[in-house]
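Okay, so chain A shows up in both of these, paired with chain B first and chain C after.
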Partner chain A sequence: MLELQRNVIFGQFIDTGSWIHRMDARIKLTITFVLTVASFLIDSFVGFALIFPLLVLIHLIARVPLSYVLRGSRLFLGFLAFILFFQVLFYPGEAPESSYLWRWGFLSVSTVGLYTAGILGLRVIFLYYVTTMLMLTTSLVDLTNGLELIFRPLQKLRVPVNELVLVFVIAIKFVPIFVGEVERLARAQTARGVPFDEGGALTRARRIGRLLVPIFISGFTRADLLTTAMNTRSYRGGRRRTKFRRLHATISDWLILLLVIAWVLLAWQLPDRLGA
Partner chain B sequence: MDQIDHAAAPPIIELRNFRYTYLEGTPRASEAIRDVSFSIRRGERVGIVGPTQSGKSTVVDSFAHLLRLKAGQVFHDGEDVATPGYDRGALRRRVGIVFQQPDSQLVEDVVGADVAFGPTAAGLSAEETRRRVEESLDALGLPYPEYRLRYIHALSGGQRRRVAIAGVLAMHTPVLVLDEPMAGLDPRGRRELMELLIRLQKDRDLTLIVCSASLSDASLLCDRFIVLDAGRVVVDGPVREVLREPGRLAELDITLPEPVLCARELGKLFSDLPTAVLTEDELEAEVLKRLGLV
Partner chain C sequence: MTTGSGSEGRGSVFSFNVRQIVIAGILGGIAIFLGYTRLGFIPVPNLAGNATIMHVPAILGGALEGPIVGTIVGGIFGIFSFIQAEVPFFRDPLVSILPRLVIGGVAWAVFVGLRNWSIDLASAAAGVLGSLANTVGVLTMAVLLGYLPLAALVPIVPQAIAEAIIAAVVTVVVVRGVLLYRSGRTTAPEVKSDEERRY
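Right after this comes the complex of A and B.
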């Protein structure tokens, strides 16, 4: 059977009650931002090797099963491998003649191309891992509160922060709902004689296409229901809305942030210094 | 095959120590079925009852292999459906399921096309398909000429449910499974559907399986109840025998039929009044007998 829920982890929250789960969401968001910047700054294999232990540490503390994360990332990793393959073949940059390993017309494999694709791949995986861990360890309520507080200064400039954050969070929340919906529809259609669990990859892909219209319809219905639900509960958003759970950052939260920043600076700067 | 003594043939559906966990091996795993064993013979009319979360829908899904099944747990006509190479398509053409939410199984925009979906997927001729669509829609009180081209999304909830049932009936499956079929139907719709199911069951020698959290309708449709609770079978037996212990069923949050509820109350007046009464008429007869009026 089609079991998408096992294989898609985007937007899921797995509460293991770990220390990372309990951290202030604002600090977690800031750390994610710092690591996102880091993924662009670091441009050598040594740099990524230096930052790798930090990821291992995060993973060990968060206690989210690695097998679950890997299984849920298969689709993404496959797609990435596909893109990197072409990135190497069509490497457009100038490469010294000696670096070519193979060449045929405009297709080539060069060490420079391999290096660039390797760094690019690591960057994307790094980014993907960091954001995935943020989702897996932060509940939507915390995420909403954290984002609202971080962007609150923008409200002075009349940016509708609450509304923007709400839309963003709803968009994330809809992903797992859609995944469940696709699974439910596929099961129902299977029962009526369209086998989603048989046939080659192309046939299966074409069958998925049949689900698009019902998915869109149910998406609109759900959005409609959500609006009604929010209206009946008098949701108005805006600044005057009070919070049931208040975020509070402790000293240790700030220390962790400093540690991460220091680690990033090290991974960014050290390879250059060593090279020079 | 159909003429052979049913008791001697292997059960049409059999579960042996069936267990099922959703999202097994992930942190979000939830155990739905702990240990369920029963067998259903050809032509039986069985009610699978239990409160919400008891595992009814999971059991139903297993009948047509709509879950990731392990070997040695689910059998159809004596064959393990989880054996590699087992023809699942053929299984699904023999076991028709009407799901709890009709919307999840309607696949086309227009009524006629949706009812024709199953027969077409089974490779029937256009003529035979048309005949079946007409027959199924008519049987459910949706006249073919009038409803054939109506848009499903413009129909009412009750009408959509009927279209969903018609879509499964059109497949002429020997086993018909209905998950909460009466939900969303008005009293008249319920009565008509009940009469239709009883008639079809006789005419086509159907194996009829009805899932419900309420015994009201199921007690008139079925001869046997399998009561589930928290993923286990707690009672399995003939309807009247099961209804003899209404207290136990009420404890499980299963809605009892009206006559049974009345009989329970009247039991305070007549200590020997049986609770296993299926209709008001039966109850009336029992009470009159005790009042010495018959």
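Right after this comes the complex of A and C.
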């Protein structure tokens, strides 16, 4: 049986009312961006070890249950392990002869391959955690307002910022809906005798294909409904609209941003300095 | 084109109507959903790690709603694969995002070109060529930027063919379904010929 809803936490928002939840959305988005850049810059285990306490700190302050995040990440972690396994086995780069632990044809396990896969895995988990935390701690309204304000300068270049942000928000908002829907479809088909947890990989893939077409069609159906709903309410982009809630960045918000940047610089530069 | 009133929406580089915004958003949502739940991946043992059908929403967006929607859905797919990159070369936005913008445009051009001939043929061709635009675009960028050696492409060829076939099949069925839904008919006609009862 497909159990998705319990194992997918994309797009969820858990309001624990913590200090991070109340932070200015623009600052949170900027911090997420800084940490995304950090995931490219940091390329050693020491660097990731240095950045780890920052994540622990964020988690403690946000008060989101760890068990909830872990359970919601099972699918992701399982898949990641699978990918990394093949990354090690098919390591494409040059490895010195001495680093091979095992070799068979073009398949190999080398210490270089293991190291690269390890860093890659940490990077992916790091980025996954940061984006997940952003969504868990920021309501959709704040996210929309924050994105619109950050990208507002692009309006001068005649980019339809409000519309594009709305596209993203609709996309994020609909993910949990589709998750629920595909689970219901799977239940309905199971009830009619389609076994989802039997058979080889190919048979299973074919059965999942049977879920996809209804998902697309219901997507288009929902799109028509939503279009009508928005048209009847005279939606016309962000033109001349005022905000009911305005975002305020306080001094402490800016200080936190500076702290995160400093932390990232430390984790990026310190391992090199120590090594040199 | 006015220049002074940049914040006024009018005079945007490209403009959307509500319907395009909504469909782009929902198809983008399906792309993220497929990626996040891993339903959109078929694991295969090679360097890419998996075959994907995450580009299918971009193809459908292009074919049914035009190049702007297709491009935006492709962009969402690209950004997602950039953020969730489990394979090193997708960590470069030039590989993970840029080629994906093309999928929708290709699918649109092919679909519109063949539409008057046969809808099924047009959908299948849009599926195959949109899918190939994705594969060829990504791999070309990966090779050009030196992430992959040319030799690494050989094991990916069967995967590309499989992806194109899956995309073609899904596109044909979904386009039929959506057109049927939009025609407003909710049940198959009971008295008409067998030909129409297929749907």
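Everything below uses one rule, namely that the second predicted complex is superposed on the first by the 251 of 276 C-alpha atoms of A that agree within 3 Å, B and C clash if a C-alpha of one lies under 4 Å from a C-alpha of the other, contacts with A are read in each partner's own complex, and residues count from 1 in each chain.
Everything that follows uses one rule, which is that a contact is a pair of C-beta atoms (placed from the backbone, for glycine too) under 8 Å apart; a residue touches a chain by one contact, two chains touch by 3 or more.
Note that the structure is predicted; figures quoted are calculated from it, not measured.
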Contacts of A:247 with chain B and chain C, given as first, second, both or neither
neither
Touching partner for A:184 - first (chain B), second (chain C), both, neither
first
If you stack the two complexes on chain A, which partner ends up touching A:16: first (chain B), second (chain C), both, or neither?
first
Report the partner of chain A that touches more of its residues: chain B or chain C.
C
After superposition on the shared chain, which partner residues are touched by A:217: those of chain B (first), chain C (second), both, or neither?
both
For A:160 in the superposed arrangement: first (chain B), second (chain C), both or neither?
second
Is A:226 contacted by the first partner chain B, the second partner chain C, both or neither?
second
Residues of chain A that sit at the chain B interface in one complex and at the chain C interface in the other, please.
213, 217
Chain C partner contacts - residues on chain A that touch it in the complex
4, 8, 10, 36, 40, 75-76, 79-80, 82-84, 86-87, 89-90, 92, 116, 120, 123-124, 127-128, 131, 152, 155-160, 162-164, 166-175, 177-179, 182, 201, 205, 208-209, 211-213, 215-217, 219-224, 226-227, 230-231, 235-239
List the residues on chain C that touch chain A in their complex, please.
6-9, 11-16, 18-19, 21-33, 36-39, 41-43, 45-47, 49-50, 53, 56-57, 60, 64, 72, 76, 83-88, 91, 148-149, 152, 166, 170, 173-174, 177-178, 181-182
For a test of understanding, state which residues of chain A touch chain B in their complex under the given definition.
1, 3, 5-6, 12, 14, 16, 64-65, 67-68, 71, 184-185, 187-195, 197-198, 210, 213-214, 217-218
Residue numbers on chain B that touch chain A, as the complex places them:
23, 25-28, 61, 64-68, 88-89, 92-93, 96-97, 99, 103-107, 109, 117-118, 121-122, 153, 167-168, 171
